[in-house]
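Provided herewith is a single structure, encoded as structure tokens, for subsequent inquiry.
When the chains are written out, they are named A, B, C and D in that same order, and each has its own residue count from 1.
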């Protein structure tokens, strides 16, 4: 698997220091461990080593979905991969699904949704702040996902244009204001998944879901803890994120409409 | 969205009582809340209600990936959706990916892998016990995923037939014995993800990964807790699964071979 | 350390099967592993083995505080040792402290409070249900703690009789209704610790604490997980209690009164 | 409750900023919010406010056990109050107990042990590093606990001088090397509690406990998470300590000796 000019590569120093870099001819990439001539990468093999000007080795990795998510510009609070993973699974989406997302933010969740609905599905992503859409567009383009997304500078609480959706994913301050619109735009049995940091947001959203006849309503939170694996010194990591947000899942039930 | 004869439907009574049922003409489905004539479902709408012989309402839902996973026959210990979600995301796979899995078990993780690599990808699933393969085949067929899976009655510790794989997923007792084979069969930068209940399995697997030059090695565990959402009575659920297993992730690095 | 008639002993079979038994002359204790003549225990050594009529060995242990807590008659929801431990530490109490508790319930927390304020301190325990007080009295007596407790069949929301208290511990449905009384009865800098299962109880209690000028207000929850320790099979336990309650701590500040 | 010269007070600004200060006549205490003349505190009331030279209010609190623990000089890794609370409860100690602890470190756990065994009990604390003992002595003195502790500049793996102990508490790198000594020095049914960060330490310790006939062996870990309590914005705290250590508990069984 050769590295081409224009590719994005992940330069890996160690588990805490990785760099997502576009391979542009004639350019250099500077780190505090010396610089790397990007010309030296072109035509090389993915997985090989490259040595910086200071003699430090980096591994040249092909970026995965998770790398693009983590490296999204952090102009807004990013959603964690652990939560993205659960949102994807709970939503039931897959290749071919048509999904509405609100809000876009910097496009981290959008990137993941697009990744999984390819090649025939589509993500319609609503965002009221135009400046976020610019950032999201760059991030989606970098991850090669722009073709599968329609970015919309609209307020989802004013309505959803699309119909017969497989899922509506809400990562916004007032998800309960989007529930009635989601209900109208979802297929029968379509799913809604909402991500919210506070208990109060969850309560309002669940109440709105019940009012609109959604069933199988469930709220969970996910705690992820790393394990330090070294023979004789095995222990969970000291540092851990204590809370990101609650994930609420529900299914549309046509019968109460 | 009409219900057809031969469809699998999820009959939903409440969050703890759901039934995955094949709609067969002339048959009835019995629950302790009365029986349901499956003929009455044919031609109906997904999301509608059906009333049992005892006057109890069920909602007829279209099964999602998660339902197929949960309803896999439990002849072996099943892997939890929370772990499946993380394995999928960490592996980096998506539509078109070629993946080896070992072992198949009852096919819960296989179903999820197939779901996400559709329509052009493939899952090669190794299992030494023939009786599990029969169960897995039925579960995959039910979920409509059999076309995307090749079930192999082989021991992955004896070698992997496929080459240029995007990912190798290990859910087996001795994952460290499969690492050298995975290394040979993965693309450069391909991923390996291993799921193991014990610390000791993790240590041996991580040591083997290091020996074979894998990089970006990371082990995590995921705790999922439900929230009871009822205004005035909001609280986390009392019951919680304390441990399922550790997920270990790594990327192949061609450079050390 | 000899075993005397009238002692309570803990018969230990394995970690899940222990029995708190009063050593009464002429009596036998029946288990599904056979019976034990209690006469055989009298004059024996703590820590020694006793063999049942079916030839099964039990170890005769001297009960610890935790055993008395766990074996309190479960007529009401018991508070867990993990929470009791934190309540004790957060409250700042120790030998000599004067503490009000509400409500008594079956006396599990009361037993612990009494244990730690001995020999010169006192626990004043309020309970509106007379039948609980009878149970609590028996449990306290069994643990040898009755001398350090004054059980009061009173509603703490109607007022607290005592003054200059070191701490007020609330394990009741409406702790916020006791805050103003606690404030009047606490020493300057006295502490209040409240235990509540729901978020809504916590919010009301914290708001009441703020209104009454309490400072250093802090709410925590504690998750306890067991580790299965067997070389080659080390792993956290599968079963775990996901939630018991939130512990809220605060200190009285005289200055805002 | 008046403040006297020589008292330690806790100056409270907010939940993250508290200062443990000795009230010395003629001195001032400097913070980045201005200075406080300590003379102004003498004769005042605990719980009252004091205003700094920059007009910022502090509340003058009487330090609790937890404050002394938290403010122990951090020359060594400190043990967390959550773990201290569980160690105390699991050990079964209380007023009058005789306890051996190893190692002393800066005396945080020693302070807690002394607090609970007062007034008639005693803590014998072993530490091989003389410089730690100096720090521990200062911390114990400040907390008023020095009278209840005997600090010993000895290696506990060479033997325990005391006999008939109620409990042995191990917070050291190689707890398994102290088990045989603990076994000889404990009363029948006495308890041993060990605190260790790594899985490997736990395995070795549990194996040693089993070899020496200890029963009721149990290992747990405790996760503490704070809740942000503000109406409309309730949520667990983002920051959380993921791991401190495992607590292993066991009881001596005379019968296997």
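The rule is short, and it goes like this: contacts are C-beta pairs under 8 Å (C-beta built on N, C-alpha and C of every residue); 3 or more make two chains touch, one makes a residue touch a chain.
Just so we're clear, the structure is a prediction, and the values are computed from it rather than from any experiment.
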Labels of chains that are neighbours to chain A and to chain D:
none
In whole angstrom, what separates the CA-based centres of chain B and chain C?
43
What whole-Å value do you get for the distance between chain A and chain C if each is reduced to the mean of its CA atoms?
46
Dist(centroid_CA(chain C), centroid_CA(chain D)) in Å evaluates to 21
Contacts with two or more other chains, residues of chain A listed in rising order
199, 221, 225-226, 231, 234, 236
Chain pairs satisfying touch are A-B, A-D, B-C, C-D
Residues on chain A engaged by chain D in the complex (per definition of touch)
197-200, 221, 225-226, 231-244
Quick check: in the complex, which residue numbers of chain B touch chain A?
1, 12, 15, 18, 45-49, 59, 61-62, 64-66, 81-82, 84-86, 88-90, 92, 94-96, 112, 115-116, 118-119, 187-189, 191, 199, 202-203, 206-207, 215-227, 229, 231, 234, 236, 246, 248, 251-255
